[in-house]
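The next part holds the structures, each set out as structure tokens.
Paired with chain B in one complex and with chain C in the other, chain A is shared by the two complexes that follow.
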Partner chain A sequence: MISVSHYLAVGAILFCLGLIGFLSRRNLIVMFLSAELMLQGVAINFVAFSRHHGNLHGQVFTLFVIAVAACEAGIALALFLVLYRRKHSLDVSLWQGLREPGLPITGDPEPLPPEPEEPPLPHLAPAGAIPARGEPTHA
Partner chain B sequence: MIASTDSLGWIAVLPVIAGGLAVWYALPGTRRRPQAVAGLLGVLALAGVGAYLFRGLGDRIPESVEAALFFGFSGLAIVFAGLMITARNPARSALAFAMVVLSTCGLFLLLAAPFLMAATIVIYAGAIIVTFLFVIMLSRQEGPSNADVRTREPALAAAAGFVLLATLLVGLQRVYSWRSVDAAIEHSSDLARSSHIDEGYLSPPRSVEQVAQVSPLTPKAQAFLDEMRAALERVRLGAPRGGSERGVTDHKYVQEIVHAIEGLDRYGFRQHDPDDVRQECQTIADGLQRLKAMRLGSRGFTDIVVSEHGVVKPVDGEAGDARQLPAANVSAIGRTLFSDHLLAIELAGTLLLIATVGAIAIAGTRREGRP
Partner chain C sequence: MLSVPSLLVCIPLLPLVGAIFCAVFGGVKELRRWAHLPAALCAALSFVCVAFVVAKLTEDGAPIEFPVQDSTSGQDVDIQWFSVGHGQTTVSVPFELSADAIAGIMLLGITFIGFWIVVFSIGYMHGSPGFARYFSVVSLFLASMTLMVLANNFILMFAGWEGVGLCSYLLVGYWHHKPSAADAARKAFLVTRLGDVGLILGIFLMWALADQHSFNYAWIFNHTRVKFEYYSEVYTAACLLILCGAVGKSAQIPLYVWLPDAMEGPTPVSALIHAATMVTAGVYLLARCAPLFVLVPGVQVTIAIIGAATALLAAFIALTQHDLKRVLAYSTVSQIGFMFLAVGCGGAAAPVMAVTAGLFHLFTHAFFKAVLFLSAGSVMHGMHDVIDMRQFSGLKRVMPITRWTFLAGALALAGVPVFAGFWSKDMILETVLEAGHSDRFGSIYMVLFGVAAVTALMTAFYTFRAYFRTFEGELKMPEGAHPHEPWVMSVPLIVLALGAVGIGFVHATPLTHWFGNFISKAPELMQANGGRHVEDHANWGLMFGSAAIALLGVGAAYYMYRVKPGAAEKAASAAGNVYYLSLNKVYVDEIYNLLFVQPLNLLAGICKLFEAVVYDLVRLIASIPRYMAEVIRPLQNGLVQFYALTMAIGVAVFVGMLLFFHW
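And now, the complex of A and B:
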């Protein structure tokens, strides 16, 4: 049997990857997904301990975590829609006006690199000419 | 003190370093980096994590279907988690997260939680991911954006996350690795069973004029005693401690081992007494075995004094039987939910209702009476 410590290690790895995503990404949606990833790591811990101790309290707690995550997703996605309507972007750095007083603003000094040129879409030849009006379609 | 040849936990630290470099390299930035390097580092980190799980933790993993499924599901979960936090396109992130959730559900199934598996698939992969994709669709934008191409302090973020990960993995290794204790048990029971004790352990017999002096321990004996003391420190955490008016006392197995080690130190090795050495080594091996079983939880506690403040509260029952999960998972969860956690489940329902009201109040912009 795989012991509880292996599941704890996997949960720790998922949690830390989610932490890095939450700290570094700037898209609100990716930040929120990273928070959900951290919750997944915690859920693995709970279920592993539930198996280890042979009672169901860990699984019940995971159910509550899922319920709270669903609430969180509903509220957060509604907030994202409102924020997107205001600034037409999901960039979290556009909301630096909410920072503490006295802190400098962090800007983006270098411009965005140009998008690599995509090959043009193939141009399809028309499959058949549209017949003119009044023309007999068949002999 | 933990006696181990791998005292720094390199088997845990090396994959963490490789993984940190891989994630830092693959996080989106204004400069495009070759992704092959990140992929190579990621494969190295995964191999290192596999080696850590195989060698660094707990008992040996048997080559079974369960082990194969565990490594498959956890590998998929970790790979897609890495892809999720490094993808430039948020829609790809959402799909990778769906894969992480599905792999986690596989792990839930391995952990005997089928109801949670179904609930997680329905709620996460069904509802939440679809809602995410809707939001991504509603807030679509043309071309590259600051939000997707730039990251905030990727090096610092990766360093913070992976320092935390290294701490957690080394801590898990220190708590769950039994290799030093197993080696100590084997060593002492070998010594107890051997018909002829190795002369390297025993101090030379004293001549008549040296009787007054204490003969020194041989290096081999000193190393043996150190190993036993380290193994005792490692397992004594699991032994409950008794309490009385006179203070906290150690468990009787711990006391037996301490006495045996002291005996070896004072008499057995120094006085060239092979019978005494065999007997004390047997005591140490038995005691370590019992303490390890107690720490792993496979031995029932029948004589525990739980409180350190003198309240004796014996816990009985065979722990080995009580540790089985009930067979009918769904009905057992239902019984637990509606008997032990009734208030909590009502609160969770209320929370969901309030969240629904809040989401409609935040996102709704239509005024009354207008379409």
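And now, the complex of A and C:
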């Protein structure tokens, strides 16, 4: 018989895995994935209790959590893109600007391996005739 | 057509509007060189309003009031200015204007001379930086001064009184980048402030005694007459405090020191504010409060003594000054001393006669001193801002108009017969002489009469000393001088010089009595006089005597500076220390410096030290949390994961406590 505590155990395991991942990994995207993992652990808790109590409150919460997580994913990925453009790296430890003034930057005991050089973006060959300047481009 | 009471409002309002327009013109680059137009126009319009008001006053003599009291409903129409407090201690001040004969005379002088001085300034200030600022403040000054004169209660009067003080400060410090001008402005402001404190205390003392707590002149004066018996000491104190205000504003001993320094301002300002109008405000105040002062003969004698002493001291200093403007400044102090002397005779002599004499001298003095200052300004304008009489002479060849106008003013100031100053000075002497025949204090007034006669002699001498040294003799000019007389400066000079020559005929006893008859219609004077009969007769002996004194003074100056060159130096060395005493202004500034300025500086130094100690103590206390914070500051290292870890540990600890310790 699978009781509610089994579900809760799965949720707790997922949450702990997410927490450990969030605290130990330095890649922004992996950290984000870990955070999502924690959310899913919580969601399983909700669903389990929903079934246990025989009502839909937990289910409703879960739906909300999924919807909010989707929005959050969009925003978080957009932020990562901006951060990446600044420093050309996803290493979270490069961002220490909010520390107390005067404190040294916390050093990196094991630096990340250098990122591979980005392949250049493909350029499309221009097609068709180049319109002459000053003339209307449409009939 | 505007009714006459509403014209009263226009008199101060027009210059105020002019001041605003001047300021706006100053802010727009294209209009900046036309900034004089609003000031001149508004001054002229204001004068026209005054002319209408004075014409109405001469017609029926009853004071014109604004707002008009509605006699049909019997309801008081009040325009409230402000009201503070409640119940018994409500300080309620209505905006009420009133023009009686005293105000009419003052307004005529202020707006007429004010307008011509504004015109003169157009030429004098041409091309000066802050052209618009100058005209804006001058216009504001005219507004404040007319408001002060027109006010029908003490607080509104005080508002105008402080307004003119402010404008005086701004204009004395017009060239504020010059340290001497900035110092002079500060000195003028602070010294007059000493008097103003006394004035406001006196006003509130009377306010506290008047039933229903009103500031209205007539109300307070009527109450004084009723209550004086019971509160005579308090009223004496109030009179002394008001006198204190008048002494400060009108530059009398012991507060006269600011006026000679105020000559740092532009010369038209000296003519307008520090000769013709503002400095005579104290005399106006004493005249206005005549019903109070007749009740306290002791204070009256004090006024007369202060006036005579100031007249003598200032004339003595003026004898040896080399700076043309300073001669005129001390002469102004001295002449206002004459006015105080005259007003101080009210009580011993008939109050109407005393006040008339004081105001008459105020009126003529405004004209001839304005023309003297403007002529000095014209000299200064031509001599490239040099005003030291040792550096120029014989200017009559290059500045003929200025020479004649200065001569007209000098003759009037010296009191040479038929010129304006002769009539008014003669009237003052006559008043003092009459006061000398009274029972109480008669002998004191006789001494003061002697002082006044000596002062008159000195006045004639120093005036013509200045004239001969500046305009007669060999032509000598300082480096860079460019003598010229543009019409915009000459016309006001000529107009005011004509005034200096002829204005005395408004009350030339025994020929005309218009001025005296007009002034005596003022209700306050009638009240002060209490029905005493005034005989306006010509005292021929006195007239010949004063004419002889004037001519003697002029003759002495002529002898010393024209006939026998070198006689002046000989006289100076013969006088020895007395000469240096006069040249160094009797060391009054030095004495004040030692007695008041230095102790205050010391006090300020102690305060500064105290402040430094307290400040450092506060800094010390404030630094304790700072140093304690150093311990935990490194926790804020900016690493997101470190924060997350801390949070996780914290949550774990709390959850653990809940689970295992059942908190």
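By definition in this document, the second predicted complex is superposed on the first by the 102 of 139 C-alpha atoms of A that agree within 3 Å, B and C clash if a C-alpha of one lies under 4 Å from a C-alpha of the other, contacts with A are read in each partner's own complex, and residues count from 1 in each chain.
Going forward, a contact is a pair of C-beta atoms (placed from the backbone, for glycine too) under 8 Å apart; a residue touches a chain by one contact, two chains touch by 3 or more.
Predicted, not measured: the structure shown is a model, and the values here were computed from it.
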Three-chain arrangement built on chain A, chain B and chain C clash or fit: fit
Which of chain B and chain C A:L79 touches, first, second, both or neither: first
Contacts of A:G18 with chain B and chain C, given as first, second, both or neither: first
Partner contacting more residues of chain A (chain B vs chain C): B
First, second, both or neither for A:F64, with chain B first and chain C second: first
Which of chain B and chain C A:L98 touches, first, second, both or neither: second
Shortest CA-CA distance in Å separating chain B from chain C in the superposed model: 6
On chain A, positions contacted by chain B and by chain C: 19, 23, 26, 92-93, 106
In the complex with chain C, residue positions of chain A that touch it: 19, 22-23, 26, 31, 92-93, 95-100, 102-103, 106
Interfacial residue positions of chain B with respect to chain A in the complex: 23, 27, 30-32, 49, 52-53, 57-59, 61-62, 66-67, 70, 74, 77-78, 81-82, 84-85, 87, 90, 93-94, 97, 100-101, 104, 107-108, 110-113, 115-116, 119-120, 123-124, 127-128, 131-132, 135-136, 138-139, 141, 143-154, 156-158, 160-162, 164-165, 168-169, 172, 175-176, 297, 322-326, 332-333, 336-337, 340-341, 344, 348, 351-352, 354-356, 358-360, 362-363, 365
Residue numbers on chain A that touch chain B, as the complex places them: 1-3, 5-10, 12-14, 16-21, 23-30, 33-34, 36-37, 40, 43-44, 47-48, 50-57, 59-60, 62-64, 66-75, 77-82, 84-85, 88-93, 106, 108, 110, 112-113, 115
Partner chain A, residues of chain C touching it in the complex: 633-634, 636-642, 644-645, 648
